[in-house]
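You will see chain A twice below: alongside chain B first, and alongside chain C after that.
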Partner chain A sequence: MSAGAGPASAAAAAIADEIRRILAVATGRPEMLDIPADMPLFGQAVALDSLTGTLLLREIRQRFGVDVAADDLNLDALATLGTLAAFVGERAAADTTGAG
Partner chain B sequence: MTMPTVKCVVWDIDNTLLSGVYLESAAQPPAADPQMTAVLKELASRGIVHAIASRNPPAAAAYAAQATGCEFVAAECGWGRKSDAVARIAAELNIAPGTLAFVDDDPYERAEVSFALPPVLVLSPEDMADAVGWPEFSPSVITPEARRRGAMYAQRRRRLAAERSFGGSREEFLRSCGTQVSIAAAEAADVPRLHELSERTSQFNSAGAGLTEEAFRSMICATGPSALQPGPGAAARGVLTVRLRDTFGDDGLVGASVTEQGPGTWTVRLLMMSCRAMGRGVIEGLLAWLARLAAREGAEALQIPCALNDRNVPLRLALAAAGFRAAASQPAGGAGTAGGAGTAGRAVFRLDLGGPLPELPGWVSGPGEP
Partner chain C sequence: MRPRPAVSGADLWWFDIRSVHPSPADLADLDEAERAKAGSFAFAADRHRYQAAHVMLRQVLSSYLDVPPGELVVGRVPCPQCGGPDGRPVLAGPGSAGGPQFSLAHSGDAVLVAVAAQPVGIDVEQEPRGCMCSMTSAMHRGDASVITALPEPERHEAIIRWWVRAEAVLKCTGAGIAHGLDGFPVVSGPAGAPVHGCSVDPVASPPGYRAAIALAGTAGVAALAVRAAWPPSAGG
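Entry: the complex of A and B
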């Protein structure tokens, strides 16, 4: 599945940057623009809660067409910034290629 | 399925709230329409709030509020599409379009909103005299919380503005404005509000359905107000209430839980919270408090059966943030699969209490906690 790590990781990095911007707006904290990919989203630093989480998922659905909550019962994709970017990248790609 | 009650009426100004057109006579704007003013007041007394969507400058909304003597919790003034204005109001108040009504004298505007937002109840000013008697405008109970709803939305606006200009994290903000989340055993006097909450909540309602006053009353009487501790071996049911206040105002009873205290595992049969309390540490505080109590009483796990739908994703976010996980999900039985993934079904979310207990935020108080 993970052929061509170069372009795939570049796409994931671009998605991660977009998610950082969404987080900065949702939380009102510009320092979100600099968080590392392995930063836990529910941890102390980001402290995603039901309000900021809802704003984040709504923006992701609008910008990438990916409904995280519909596809991920436990919202495991929200573990870290990196896992979320990878999840969104995978689903967005699957959609644009017609998903099989 | 019960008829959804209207929570907010979005009003046009020209020839609707006012007996004339605001801009045609800006020097001496037209007076308030006496019939609509009476409707505004009657609906407000039932806990229904009002908002404005108007093709006018913002000053027109301030004038309409002054002329009618009524409070409007949101105002969208501009020359864009009215359906966009209505959608923005729903988003700002954090309520579903299906709980909004829209009143406009212009049939074109009514058609546009009907077409773009089918769940919105669209009416003409002429409809309103009759409509105040309709079930959509007649909440079955009117609690003190409902009567203060307009004022609480105004507090909410001031709080949001303060939060936007606040530099630190949300937690620091909650602390800075003196947030107090108080958990207590439910009493008989709470029953009307508990029933109302169970009917009105959707974003934070684990059961996905309401409970009657009778059901709440029997649970509270069966356990008594002090019976948070289960009898030996018995699956006692505890009904908890959560109240919220801060320096901006008192929101009253905003959340509750119904917990069955079985041996080994405690099961939360109903967890609900008003969406107005979202982002204020309430659901997080209640979940932490329940987990700590269950653990102290020797339970190994706390579980929350949860309806899965596209409305209560905020509840799932709160559960995920608190460390709950669903072991397995059961798709909606027998109803076909047309709804698609995530739009129907149930899952049991579970928190193992073997590890370190969740910390109780400093703003939460309840029996058994300092």
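Entry: the complex of A and C
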């Protein structure tokens, strides 16, 4: 998982912004547009309710073709906004290149 | 002490969190896990919703038992699907023997508590405004095909109806949502038929909200008694 600059982190940042927009629309709460990347989305901090959490993962599946909920939930990927965006970015890139 | 509801019935308690203002003593009634959870929220509105819901849950349950709100012990039965520790919440402490089953839901400004003689699941949701069509991929195939065929706005309404019914059933059985929602049809079966071993009914809700209740067993939902009504002036 890359942490510095580069195409992967730029893609993850764009995905994180898309996730923020999904959450703002789903919850009707504009403050979701400003949540930091290290903020937990599930269980604590944002603590998405189950409807919003499910809708978020379905929107990610639809927009990025990445099923975070497949093979049981990937709990590490769900730790924070940033880890979720990085996971989606990696899986989407792997699918595009045929490597995954 | 309030009598617990008869089998196949449930008591419903609505609260509007805009008129719930827990005192320091009320907050001290929350247990360690509830206080830790309340302390973890990033946004004050979410903390207030959680605290209001859990304070009112304790006050409601206390009225069915000779146990003060702060002495109630809430445990969990194991998840029936994986045996994990996060199954249905139950009263577990001294004085809770023979006590009622319960379920708690909150969304937006609404808190809804259901109390019943048998395992019960309740869900309430403030109706989301955005498109929810991607949710059909989380559904049982039968539900997805029925709902996908609907025109808007009926489809949007059906997705919310599907969600509150499915969530109520999962909360009644105690199976975690991580196990998926697609294992059983929720809206495409015969009208009034049991869902996944539960009897499911809609619950009359404030404007802008939708709710459903599930009771363990296939005997149906005979009587819902509203013990605390949503304030008529509050709107949705």
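Here is the rule we go by: the second predicted complex is superposed on the first by the 87 of 100 C-alpha atoms of A that agree within 3 Å, B and C clash if a C-alpha of one lies under 4 Å from a C-alpha of the other, contacts with A are read in each partner's own complex, and residues count from 1 in each chain.
Criterion: contacts are C-beta pairs under 8 Å (C-beta built on N, C-alpha and C of every residue); 3 or more make two chains touch, one makes a residue touch a chain.
No experiment lies behind these values; they were computed from the predicted model shown.
Peer 1: Have a look at where A:74 lands relative to chain B and chain C in the superposition and call it first, second, both or neither.
Peer 2: first
Peer 1: Which of the two partners, first being chain B and second being chain C, lies in contact with A:59: first, second, both, or neither?
Peer 2: Only chain C is touched by A:59; chain B is not.
Peer 1: Check whether A:39 is in contact with chain B, with chain C, with both or with neither, and answer first, second, both or neither.
Peer 2: Only chain C; A:39 stays clear of chain B.
Peer 1: Once the shared chain is lined up, is A:26 touching chain B (first), chain C (second), both, or neither of them?
Peer 2: Second partner only, chain C.
Peer 1: Taking the stated contact definition, name every residue in chain A that is touched by chain B in one complex and by chain C in the other, in rising order.
Peer 2: 27-28, 47, 49-52, 54, 69, 73
Peer 1: Mind listing the chain C positions that touch chain A in their complex?
Peer 2: These residues of chain C touch chain A: 37, 40-43, 46, 50, 107, 125, 128-130, 132, 134-135, 137-138, 163, 167, 177-178, 180-181.
Peer 1: What residues of chain A sit close enough to touch chain C in their complex?
Peer 2: It is residues 25-28, 31, 35, 39, 43-47, 49-52, 54-55, 58-59, 61-62, 69, 72-73 of chain A that touch chain C.
Peer 1: Give the list of chain B residues in touch with chain A in this complex.
Peer 2: 163-164, 166, 169-171, 203-204, 278-279, 283-284, 308, 310, 313-318, 320-321, 325-326, 329, 340-343, 347
Peer 1: Mind pulling up the chain A residues that touch chain B in the complex?
Peer 2: That would be residues 27-29, 42, 47-54, 57, 67, 69-71, 73-75, 78 of chain A.
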